[in-house]
Every structure is written in C-alpha cells, then in structure tokens.
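Each chain gets a letter, A, B, C and D, in the order it is written, and its residues are counted from 1.
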Amino acid sequence: MSDLKLVGKSDARVKTTFKAGNIEIGKDFLMIAGPCSVENEEQIIQTALKVKEAGANMLRGGAYKPRTSPYDFQGLGRRGLEYLKKASEITGLPFVTEVIDTRDVYLVAEYADMLQIGARNMQNFSLLQEAGRAGKPVMLKNGLFSTINEWMNCAEYIMKEGNEKVLFCERGVRTVETATRNTLDLSILALLKQYSHLPVISDPSHGTGKIYLIEPMSLASVMAGADGLMIEVHISPENALSDGDQSLTPEQYRCVCEKVVKTKQFYDSLQFRGKI
Amino acid sequence: MSDLKLVGKSDARVKTTFKAGNIEIGKDFLMIAGPCSVENEEQIIQTALKVKEAGANMLRGGAYKPRTSPYDFQGLGRRGLEYLKKASEITGLPFVTEVIDTRDVYLVAEYADMLQIGARNMQNFSLLQEAGRAGKPVMLKNGLFSTINEWMNCAEYIMKEGNEKVLFCERGVRTVETATRNTLDLSILALLKQYSHLPVISDPSHGTGKIYLIEPMSLASVMAGADGLMIEVHISPENALSDGDQSLTPEQYRCVCEKVVKTKQFYDSLQFRGKI
Amino acid sequence: MSDLKLVGKSDARVKTTFKAGNIEIGKDFLMIAGPCSVENEEQIIQTALKVKEAGANMLRGGAYKPRTSPYDFQGLGRRGLEYLKKASEITGLPFVTEVIDTRDVYLVAEYADMLQIGARNMQNFSLLQEAGRAGKPVMLKNGLFSTINEWMNCAEYIMKEGNEKVLFCERGVRTVETATRNTLDLSILALLKQYSHLPVISDPSHGTGKIYLIEPMSLASVMAGADGLMIEVHISPENALSDGDQSLTPEQYRCVCEKVVKTKQFYDSLQFRGKI
Amino acid sequence: MSDLKLVGKSDARVKTTFKAGNIEIGKDFLMIAGPCSVENEEQIIQTALKVKEAGANMLRGGAYKPRTSPYDFQGLGRRGLEYLKKASEITGLPFVTEVIDTRDVYLVAEYADMLQIGARNMQNFSLLQEAGRAGKPVMLKNGLFSTINEWMNCAEYIMKEGNEKVLFCERGVRTVETATRNTLDLSILALLKQYSHLPVISDPSHGTGKIYLIEPMSLASVMAGADGLMIEVHISPENALSDGDQSLTPEQYRCVCEKVVKTKQFYDSLQFRGKI
C-alpha cells in the first residue's frame, strides 16, 4: 500500500467529508437511487419524485452507458443530462451520473453534482485525471477483478490533480459464482476505513444482481461501515432498457429505506468505542 | 439447482433446526469459538473457560489439521479429541472438530457434538457419505473456489445417507485480493436462505484473516441472515501453532459477543415481514 | 517454494523417471487414453484395443467417480477395476485409475499400474499419504483453484511417505471463462520443469472441455515441455455416461496421435541447448 | 456469442489479413519486439536495430504508459512517438504503440503503423470507437478478467466504425497463481480461430512475467495457432524503467526467434488437413 500519499490515512485526517449538492458525503448517510439508464424525460422525473418520497437523498441515472455489445442501448448522452438536471431541479435531489470519455468530463461536470467512474474505466487513467481536474466530487467504482491497492491508487490519480472529493463505491467483484451477478465484498468497506480517510458506499444492485438480496446486503453494508448505498430503482422494472432484473420498484425501495434508516441508527448507537 | 431433493426448499420445510449438544442450531444463535488447533490440555481447557465466559455457546478446536505443507504441525489426533472432550465436560460447552479421513469419522463422532468438513474436503465425497452415516450433526464449509450449487450438492451427499443435521459454514472464497486472506461472501448467507431450509453460519476469521475485520464482518453477517458465527480465539495468539494472526484474545472476543448479541436482537426486532 | 525437500530440484536430480507397467515415465512420451468412466466390460476392452491401435501406451478409465451430484453415475467400483485389468491384460497396456477414498487405496493399488489423485482430492492429505505408502506410481492432478506451490506441497506429502514415483498432471484451472470448461495453463508445465525434477503431463480433455481444442492444445503442450498427454476417448461419445462432450472417437484420437508423435520428434530435434 | 456480425466467422471469411506497414498481418508471421517504454531516443533506436537483426519484423514501445500508481513513470508522450518514428525510419520496421486517451488517437495514428488498446482499456468503449475511426490497424489486448465473448464484442465496437483491421493479442488473464505474473491462456488462440476470422497473436512477456517461460510459451503459442508473437526486449533489462524483469536481451531474443521460425515451418508442414 505504498505511495498513497493523499488517499492513505494519516492521524490528521481520520475521515474526510465533502459536499455534493446539499448532501455532506461522509457525514449524511447517502441514499442514491434511480434507474440504470435515463430513458426519457417522463421516466426520470417520475422516478426522481418516487425515490425522494421513498427516502432517497440523491438521484442516479445513466446518460452514457458502457455496454458489452455495441448494438445495446448506449444512453441518451447530452439529452440524458438535461433530463437528469430537470428531475433534479423539480425534486431538489442532487444527482450522480457516469462519464466514460475524457472529452465529456467538463460537459458532465456542468450538469452533475457528482461524476461516476464505472468499473470498466477504473484504470482509465486519463479519465481519472480529467475527472480530478473538473472540480466536482467523483464516485469511483472498483473494477471487476482489481485489488484494493489498485483501487486506492486510482483514487490517488484523482486526488493528485487537486480534487479531494473522492467517494469509493464497492460494486462487487467477478468470481466463478453464477448464482449472483457479482460477489459483493463487504470486507472491503471495513478495509477502506482502515487504510483511507475517504468515504465509501456499497452498491448491492450490481453487487448481487438479485432483487431479493438487495435488502439483506444493504443492511449488512451498514453494519460493515458503509457511508451510504446506491440502489437501482425503476418505475417499471419489467420495461427497463437495461438492468430491469435487478431494479426495485419505488415501493420495494421504500421498504428497504425504512430498514436502512433504523439499522443506521442502531449502528450509531452501538458506539464503537474500544474497537478491536 | 437441480436434484437438490433434500437440501432444496419446499413449502413444508421453511427452516430446519436440530440439536448439537444442548444447542438448538437454526433456533439458538450459534457462537462457536476456540483455537485453530488443540495444542495441549491446558490450552484448550483455559480457552474453553474463557470463551464461555465471553459469550460462546460452542467450542471449536482442531485435532486433525489439513496443512499445506507436510512439515507443518498436523494436530494431536486422538489425544486432541480427548482434551476437547475434557474441556467440554468442564465447561458444559458442546464442541465441533474437523475430520479429514473416512477412517476417522466414527472415532471423531464418538467424541464430538458436531463434525466439521473443511474447505479442502468439501468435495471429498467418500468423507461426506461417511459423515452422513455417523449420525452426528455435520458442519460443511464451502470450498475455496466452489459455486453455491456445488456446495449444496455436497450437503445433498450427506443428507442422502439419512442425516438431516447439516449446517453450512461460509468461510470465504479465494479471489485475487491479497489484502484479505479470503473474500467472505455474505450474499451466500441470504442466497442459502432462499434456496435451502438448512441453517448457515459465517466464519469471519478464515473469511478475512484480519483481526480488525472480524467485528464488522460479524455484525454484517448477522444482518445478512446468519444463524451463528464461528470465530477463532486463542489465549495467547502470538504463541499459536497455527492461525495466530487471525485469532482474537478472549477479551477481544467478549467485545464482539456483546455487539453480536445486541445486533441479533435488533435484527429480530426489525420483523422482516413484507420482505422483498 | 519453501520446504520442498523432495519435490524441489537439486543439481543431483535434474529429472526423475520411473516405471509404470512397461512404460518409463519421464523418458517414454506418455500417451494415456480411455473413457471417463468404465461402463461395462465390453466398452473398456473395445476402447483399449482401439486406443492401442491409435497410438496410446497407457489406458485410463474411472471405476470410482467423484461427481458433483450424488444422483449421478458413481462408477462400477471393484467391478470396474476388474474390467480394467482384463482390458489391460488383453492389450498389454498398463492402466491408471482414480482413487477417492483412503480405504480403497490398497485395493486399487493391487489392480492399477498407477493411481490417480483427482482435482477435488488434491488436498485430501490422508489420501495423499496413503497413496504414498501403497508403492505404486501416483499421478497427481492440480486443484481447480490451487497455486503451483500448493500443488508441489501435495506431491511432497506423497514423497514424504517414501514414494518417489509422482507424476504431475495439469488439468486446467477454473476461471471466469465459460467458453471452455477450464483454463489449461501450459506455463505450469514449463514452470514445474524449472522447480521440480518430477515429470509432468497435460490433460487437454478436462482442460478445455471442447473436442476441437484438444489437438491444438496437445501440440502446444508438447512444445511447452510436457512428458505426455492424457486424452479422453470413447468408442461412442454420444452414448457416454459421463464427459461425452469432450471425448474423442478412436479415429479422432489416431489423428491427434500422429501429429503428437511428429511434434515430439520436432521438439527433441530443436535441441534445447543454450536455453534462456 | 450473439451479435458478432462483423467479428464472427462466416463461411465467406475464413481468415482476414491486412497490412500494417510492410507486413501482411494474418499472412506473414508477426514478430513484434521492443521495450515496455520508450525511455530516450538512443535506447529505442539501438533496440530497433538489435531486434531487427535478431528477427523481429515490427517494433513496439510505449509512449503513453498506463501505470498502477500516478507516481510511476508515465511515458514520454509525443516525444516518445517521435523517437519511435525515427527508429522505424532507420530500421524499416513498422511500429505499434499504445493509446490510452480518446483525445490522442489521431495523434498516435499519425505516427504509428498500428494502435494498441491495452488490457485496462479493453472496455473503454469510447477509445475503441475512436480507434475504429482513425483508420489504422488496431491491436486489441484482452482484459485481465474478461471473457472471450466480451473481448470479441470489443472488437465489434472497432469494426462497427468501419475498421476491419483488428488484431487480437492474448496477454494472459489474472488468476490466483502468484508464480507467474498472469496466466497465458493459449486455448484462447485456438478458440478465436474457431469463432472469428480475425488474426490473433500471443504476448508471453506479459502473459508469464518470467524470462525463462518466454521461449516455451512462444513455441507453444505457434502450435496453438498464433499468427505472431509480441515479446519485450530491452538492450539493458536491469536498467529498464518498467518491466525489466520480464524483458529479454537482444541476444536472448535472437535464440527465441530462431526456434520460433523453425517451429512455424514445422507447424505449416503438419498440414492441418482432416482437423477434428
């Protein structure tokens, strides 16, 4: 874990917090929700209204989608950003969205409250550097088969450009297990707390790919020390253009939110003094 | 998930419970603690007294140790079983211990309250069958790189011999991550609840290999639905003949137990009605 | 690579050879062929005749089959050994067969010219020790997710019991690739030559699981330094009780044999002097 | 393997060949050699002269280096391209070099005879598309933990932009083995021949990370059907700024080349008629 001058922990910086819109990440428990892809204006506005009501404090939605096949839906691009902005203004929810091309970083940063770097681009170093320079907070997902050391070095690339506002998002790693989409590694949350001052959240939607695993893994994430959760919600999962299988309905999300809130309160009340 | 006639879930069998000593596994929350290896009589008796006081309700300790190198300590064998029995009688704690040879199954079953089949022997089918015939409850760990389907089929081997008392123990899988010993996959706990009526516990000691990850992963395991925890405790970790690096002291274990008890109470109080 | 006192290389033992039946393993290029399972007397005798004619110098066939599900065909047991023996006597081909239970080691050793320890039992240390004591050569396959260091330690378990006749068989490791059954790692062949004096062969049938990959991977194995090949051949693959998808017909096997023989001659003629 | 309209095989296109500089890739056996990084003008010119003499027909060298840590040497950028061009002009060897940023694609395409997309950027879809539009041949490496289906889809991204000149380069995948840097999967070479009409080469330098494995894995690659090899060569490996441990000296490379040429002749002479 060498050379993590900025990402590594020092006594002076036990925990970093920073603003994304009106949220103080690392302090306020982050509840990001929304669809995999922005499909049209109506869909994202309706979703934003519903997830806010259910308990979300940040909106997500993909305008630029990295897809395995070039023939799959690639996102609405700039139009998607505009719809997200509108949904954000209507609801007051800040939003995070993915950027996948160095040339789009400044455009996305104009609209979004936080930039997302996805798993496939974790080691796209040019993109990390550009995101580091754009000034907005950056949420960095781990790669499908990367180590925690590689992941932290990617955050170091962002911070080295002068941007301290980096949020880790554990989204599962690839293993041989086929019963789940990925393997959500919660020990990484606790490990990052040990090694770094930066906040970290968990993404049980991509991490498991199974609707019925989202609630237990959300609650488990809280107890492993997560600073928030990112969960896919779609107003009509069966009609989603991508990731419908792992998307909750707004009503299902509301149930999860309620339990997450109680679990976070319980977690805080445990008063982790005298920790091992 | 074909052909899991006995291990798979049917409406008639939502959850199986069974006795191991005085514990009702699947109903009483199982707290197994003890050293990796039985080293001598004094060590296992002292440990048993300490972990009972700290909150354990079952003792563990290895008499037959599967070790990577033939030159590593291989365990005390039958003598180890006798020491475990004595520690069990003094404390009233039932004990679980590993069996690694078909020829030893009946001997181990005479002494132990539960047999352990370890990760390396998960697909040692002869051993599974013999353990199935010996009558005692069997705790089956997952292999380092097995799928959940393979794991459940191994339990099917045991049950097919007429033994319904099978307990799954998730002990982590092998990934490329080197910052932890293994990757403890908690989604497997929730998955098994979906697919099987059998109880399942978590082993954060082998699953992480890091002392400071045992507490967060224990609490996270509870929220993921675990029916218990197996944790390595040694009266003097720095002098342990094996796995000293990941062993808690009895005092550290007491702290974890307290939080686990509170977390289990909280989990039960959440009343998981209307689950997704 | 510590403590490999017997398996590791020393100047005094550049390369070990030993007899299995009439074959000098490590010197004669080993061509093992036969079905996954012995299904009946006729099948194994016919196969033995055909593979001998095609170019094989050793017969294989499973009498004890380790299968994922307890409801799959488990092999004919002792009767399978008898049929193998008969096929061996008729053709003059020595045979290798798997043993999966410590209690069967001496029985199998009575019949077979070489014992096989399979992938799932690589770290079944009791079985390794018993095989070490039985006197017959032992062919040790690698585990699905083991390291070369762990593998060599397993050979050390066998040699420590006084048995110097150990043959490594690379049969592929498990990766995320689904287009092949496993990933056949040929660099392991060259690596073992570097670290150990023991012979090593390759199993492209299990290593790829695809009929059309067996020829190229066989030839590649020769150039990577293999001392032989084990290939599944069935007189009627479409009717095989196990592994029919990856079994060659005797005619296909004959084609592979011809090219293997030429490739081995070419390999030897390259005269690997001044190797890097 | 759906939707591989352009990359997939049809009877009409058994094998694609295309020009990169004066080389007909897919027809002429490709021997790419050179250092990991261009370090200075003298180094790359000297290397180019030496590898040409040894048997290379294409030069490699990194001007833009994707490195795990932001504090590692990141390459000379445009200056590196100029040195490569000069070395290429002096020796007559065409060259391939990596591009890691969409904004640099046209610049790199001005200088290089072939663009390289590295493992970390395999699924950097914007980069693939831009490389597809730039007109020059593209060498696409596989990701550390990708499947062959994902890899071919990435080639489809390039071809969809109108560029038919795509070369696959197998550079090993990440497994748990630590004795090698990666696991070079040669079955992928034969698999790609089955599924695609595009040429494919092997990179035993990154694929093994061990100098003594480069020769056996080069020869094995030829027999598995490789259309060429990419090998790291440095005039002074012990002083290399990156990857010195796996770089051959020009003299070592010459030995490998000689054997590769003979092996390729042998491979062609085997006349793969009546293939399985």
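Rule of thumb we're sticking to: a contact is a pair of C-beta atoms (placed from the backbone, for glycine too) under 8 Å apart; a residue touches a chain by one contact, two chains touch by 3 or more.
Predicted model, so just to flag it, every value in this text is computed and none were measured.
Note that among the pairs B-C, C-D or A-C, C-D reproduces the A-B interface, with over half of its contact pairs the same by residue number. Compared on C-beta pairs in contact, B-D and C-D come out with C-D as the pair having more. Put simply, the C-alpha centre of chain A and that of chain D have 35 angstrom between them. Centre to centre, using the average C-alpha position, chain B and chain D are separated by 48 Å. Computed from the mean C-alpha positions, the centre of chain C lies at a distance of 34 Å from the centre of chain D. Residues of chain C found to touch two or more other chains are 145, 149, 174-176.
Those residues of chain D whose C-beta lies close enough to touch chain C in the complex are 145, 147-149, 173, 175-180, 183-191, 194, 207-208, 210-217, 219-225, 248, 252, 255-256, 259, 262-263, 266, 270, 274-276. The residues of chain C lying in touch with chain B in their complex are 2-3, 66-71, 100-103, 120-121, 123-127, 144-145, 149-150, 153, 156-157, 160, 174. Contact residues of chain D toward chain B in the complex are 174-176.
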